[in-house]
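Below, each structure is written out as C-alpha cells.
There are two complexes below, and they share subunit A, which is joined by subunit B in the first and by subunit C in the second.
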Partner chain A sequence: MTAPYFELGYFGERGALVAALVIGIAFGWCLESAGMGSARKLSAQFYLTDLTVFKVMFSAIVTAMLGLFWLGRLGVLDLSRVYVPETYILPQLVGGLIFGMGFALGGLCPGTSCVAAVTGRLDGAAVVLGMWSGVLATGLFFPSLQTFYEATPRGAFTLPQVFHLSHGVAVLIVVLVAISGFRGAEWIEGRFATHSKLSAPRNALRETPVAEGVGA
Partner chain B sequence: MISRLAKPYSNPYLAGVGLGLVLLAAFVVMGRGLGASGAFASSAAGVVSSVAPSHARANPYFARYLGGGGPWLDWLLIEIVGVAIGGFLSALVAGRLRVDIERGPRFSNRARLTTAFVAGGVMGLGAVLARGCTSGQALTGGALLSVGSWLFIVGAFAAAYAVAPLVRRAWI
Partner chain C sequence: MTVDRSRRLTRWLAVIAIVLAVLAPLAGSPYSSQHASIDVTSLARAVSREEDHVTALELAQWIKERRAGLRVVDVRSAEDYATFHVPRAEHLSLDSLASAPFRSDETIVLYSEGGTHAAQAWVFLRALGYRKVFFLRGGLYEWLDQVMNPTLADTTAAARAAFERAAVLSRYFGGVPRSDLRPSSEDAIRIPVADSASDRAAVQLPPKSSEAKLLQVRRRGC
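This part shows the complex of A and B:
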C-alpha cells in the first residue's frame, strides 16, 4: 500500500477534512508544548538569548526531510505525488524579507499567533487580527500586485536541481548544516543567555514561565 | 499564581522531531504539508464573497478559494481550527493558560497591542507575496527542498535579524 493516501483515492473530501483537523491538533500541540505560543520566547530568537525557534524549526525540517527521503526510497511514499510548492524567485524572496520584518516586530508568525491567542495572550490575538486584515487588504489590491506576484516562475524547483546533486546528497548536506547550526545555537546561547539574564531588567509580576524550560 | 504551577516547555529538539513527524504524516496521508497563512486567505475570501460575491469572484486571489467545498471548508482553515484546539489543550494540560500581554518590560500594553496588529498586517502582505509563511513555506517547502521556500527562510531570518535591533525596545 503506497502513500499519499488521499492523492491515491483511499478516502474522499470528508476524510481529508477529518485529517486536517487531527493533523492540526497535533501541530498546535507541538507548537504550544515547545513554547512557540509565547511572543517573548520567539522574539528572544532575534536577540540570541533563546534559539528555541531555530532548534524546533530545523529539527522539524530535518525530521520530515529524512522521513520523505527514506519513505520514498523504501517505496512506501510516492514522492512524485507529494505537492512541492512552486518557486517564484523574486516574490518569495521579497515576501520573505517583508515577512521577516513583521516577525521581528510582532514576535509571532501566523501559526504561532493562533496558539498564542487561544492560550490567552491578547497580543497574539492582535497579531491574528492584523494578519487577517493584512491578507484581506493585500487580496483586495491583488490585481495591481499580480504582475510582481507571478514574476520569475520556476515551477516545482528544488535544491538538488539547482546544485546538480542527487536527492540523497542534498539531504545529507542539509543534515550536516543543521547539526553544525545546532552546535552553533548551543554555543551562542551559552554565551548570550547568561549575559542577558544578568543585564535584563527584571519584573517579577511579568516573569513568564519561559526561563524554566530553556535549560537542556 | 497559576504561572508557578506551569510545566516547563518540552526539549526543543524533541518538540521539533515531533513537529517533523506531524508534517511527515501530512505528506503521507494527504500528499501536502502544513500551513497557516492559507487559512487567513480562505477566510478573508469567504468574508469578501459574502459581502460582495461578484467582486470576490472577479478577484483572482480570492476566486481560487471559492471553488470546491467553498472557503469555509478549505483544508488549511480546518487544519488551523485544529491548531487552535491542539494549542489550547496542550496549554490546559500544562497549566499554561493565562490571560496576558507578552511584551518587553519597557513597552506599554497599548504599544504592544498596536505594534502586534501592525506586525500582523506586514506579515500578511509578506505571506501573500511568498505564497505561504513559516508553516507553508519554511517547514513544508523546507523539508521538500523547494528553492523558493529556502529563499523565503533566508529572506525572513535576514530581515528579522536586521530589524530586531531597531525594535529592541519592544522586547528587551
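This part shows the complex of A and C:
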C-alpha cells in the first residue's frame, strides 16, 4: 500500500476532510508554539532582527523534501500521484509581490493569520477577513482576470527540470543551500539584533526545534 | 528544554539532513513509475536521418546472422503474438516496456502490426535512455511482404539481384519468394512454409488453425 491515500482512493472525501482538519490543527499548534502567531515576530523578519520565519520555512521545505524523496525511493509513496502545482511566471510574480506587501504591512501570512485569529489577536482576524475578501473579489472578477491568470504557463515546473539535474542532486543542493542559509541567518541576526531596537519579543517556546530550524 | 539541549538536537537534525542529502544523488529516482525526459532535438535528428527504423530485410539479416545483443520485441497483444510472430521475437506489452530489463548495449528492434505502436514504443525507450533502439517501419505487414512473400517487381538486373538476396532470406525463414511479375492479390497471400527440415526448426511457423487469422492480418491494410 503506497501513499497518497486520498489519491489512491483508500478513504473518500469525508475522510480527507477529517485528515485535513487534524493535520491543520497540528500545523496551527506548531506555528503558535514557535511564536509564529505574533505579527511582531514575523515583521522582525523584514528588519533582519529575527529570521525565525526563514528558518522555519526552510526547515519545513528540507524536511518535506527529504521525506518525499526517501519515502518515494523506498516505495512507500508514489510520487507520480502527488500533485505539483503549475507555474505561471508573470501572474505568480505579481501575486508574490502583492502577498509580500500584505505580509510586510500586516505582519502575517495566511497560515499564521489563522493562528493569530484563533488565539484572539485582532490583527490576525483583520488579515483573515482581508484574505477572504481578496478570495471573494478574485472569484467575482475572475472572467476579466482569467487571461492574465493563465499567462506565461510553464506547467509543473520543478528544479530538476529547470537545471537538468537528477532529483537526488537537486535534494543535495537545496539542503546545502538551507544549511548555509541557516548559518547566514544566525550571523545576520547576531549583527542586526544588537543594533536594532526593533528586536522581537522572545517567545518562551522559542527554543523548540520547530522554531530553531535545523541550523539554529 | 535548555538552550544547550536544543542546540544539540538541532545539530543532530542538521547532521541527519546532510547525511540523507548526500546519499540522495546515489539513490536513483524517487519515482516508482518511470519518468523519462525526451531530448527532442536528438530524437528529431534520428528520425530525419532515418536512424530510427530498420527494414524487414535488414531485421531478417540480423536475425539470420544471430547478431550479438539483438532483442526483437513484439508489442502487439499476447494473442496476436501467439498466432504469429517474427522468429526469435519476444512479447512485451506497451505497458511493461518501461520496466523491461534491457541492457544499454543491446540492440532493440520493436515491431507492431502496422508500425504506429512500435514507433511510439521507440520514443518511450529513447526517452528512457536506450540508444540502440529501432522499429520495423512497416510492421508485421512489411515482414510478411518482404521476407515471407517477396516478389520480383520488374526485370532490371538490379531488381533481380535484390530479389535474389531477399529470396535467400525468405527461404531461411520459410517464406515463398515469387518471381512471376503479375501475381494476383490472392496468390500473394502465402502462409510461410519452410523449405527444409533444418529451416523448419529455425522458424516458428503459425499453427494450421491460425492460418485464417494470418490471412486476416494480411488483408487488414497492407
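Keep this in mind: the second predicted complex is superposed on the first by the 196 of 216 C-alpha atoms of A that agree within 3 Å, B and C clash if a C-alpha of one lies under 4 Å from a C-alpha of the other, contacts with A are read in each partner's own complex, and residues count from 1 in each chain.
Just so we're on the same page, contacts are C-beta pairs under 8 Å (C-beta built on N, C-alpha and C of every residue); 3 or more make two chains touch, one makes a residue touch a chain.
The model shown is predicted, which means the values in this text are computed figures rather than measured ones.
Novice: Quick one: classify A:Arg73 as touching subunit B (first), subunit C (second), both or neither.
Specialist: In the superposition, A:Arg73 contacts subunit C only.
Novice: Of the partners subunit B and subunit C, which touch A:Val62 in the superposed model: first, second, both, neither?
Specialist: both
Novice: When the two structures are overlaid on chain A, which partner does A:Ala151 contact: first (subunit B), second (subunit C), both, or neither?
Specialist: Neither partner.
Novice: Could you say whether A:Val177 touches subunit B, subunit C, both of them, or neither, answering first, second, both or neither?
Specialist: A:Val177: touches no partner chain.
Novice: Is A:Val22 touching the first partner subunit B, the second partner subunit C, both, or neither of them?
Specialist: first
Novice: Taking the superposition as given, does A:Gly168 touch the first partner, subunit B, the second, subunit C, both, or neither?
Specialist: second
Novice: With both structures fitted on chain A, tell me whether subunit B or subunit C touches more of subunit A's residues.
Specialist: B
Novice: By the touch definition above, which subunit A residues appear in both interfaces, subunit B in one complex and subunit C in the other?
Specialist: Subunit A residues touching both partners: 62-63, 68, 71, 161, 167, 171, 174, 182, 207-209, 212-213, 215-216.
Novice: Any idea which subunit C residues touch subunit A in the complex?
Specialist: Interface residues on subunit C, with respect to subunit A: 1-3, 6-7, 9-10, 13-14, 17-18, 20-22, 24-33, 35, 37.
Novice: What residues of subunit A sit close enough to touch subunit C in their complex?
Specialist: 2, 62-63, 66, 68-73, 75, 78-80, 161, 166-169, 171-172, 174-176, 178-179, 182, 207-209, 212-216
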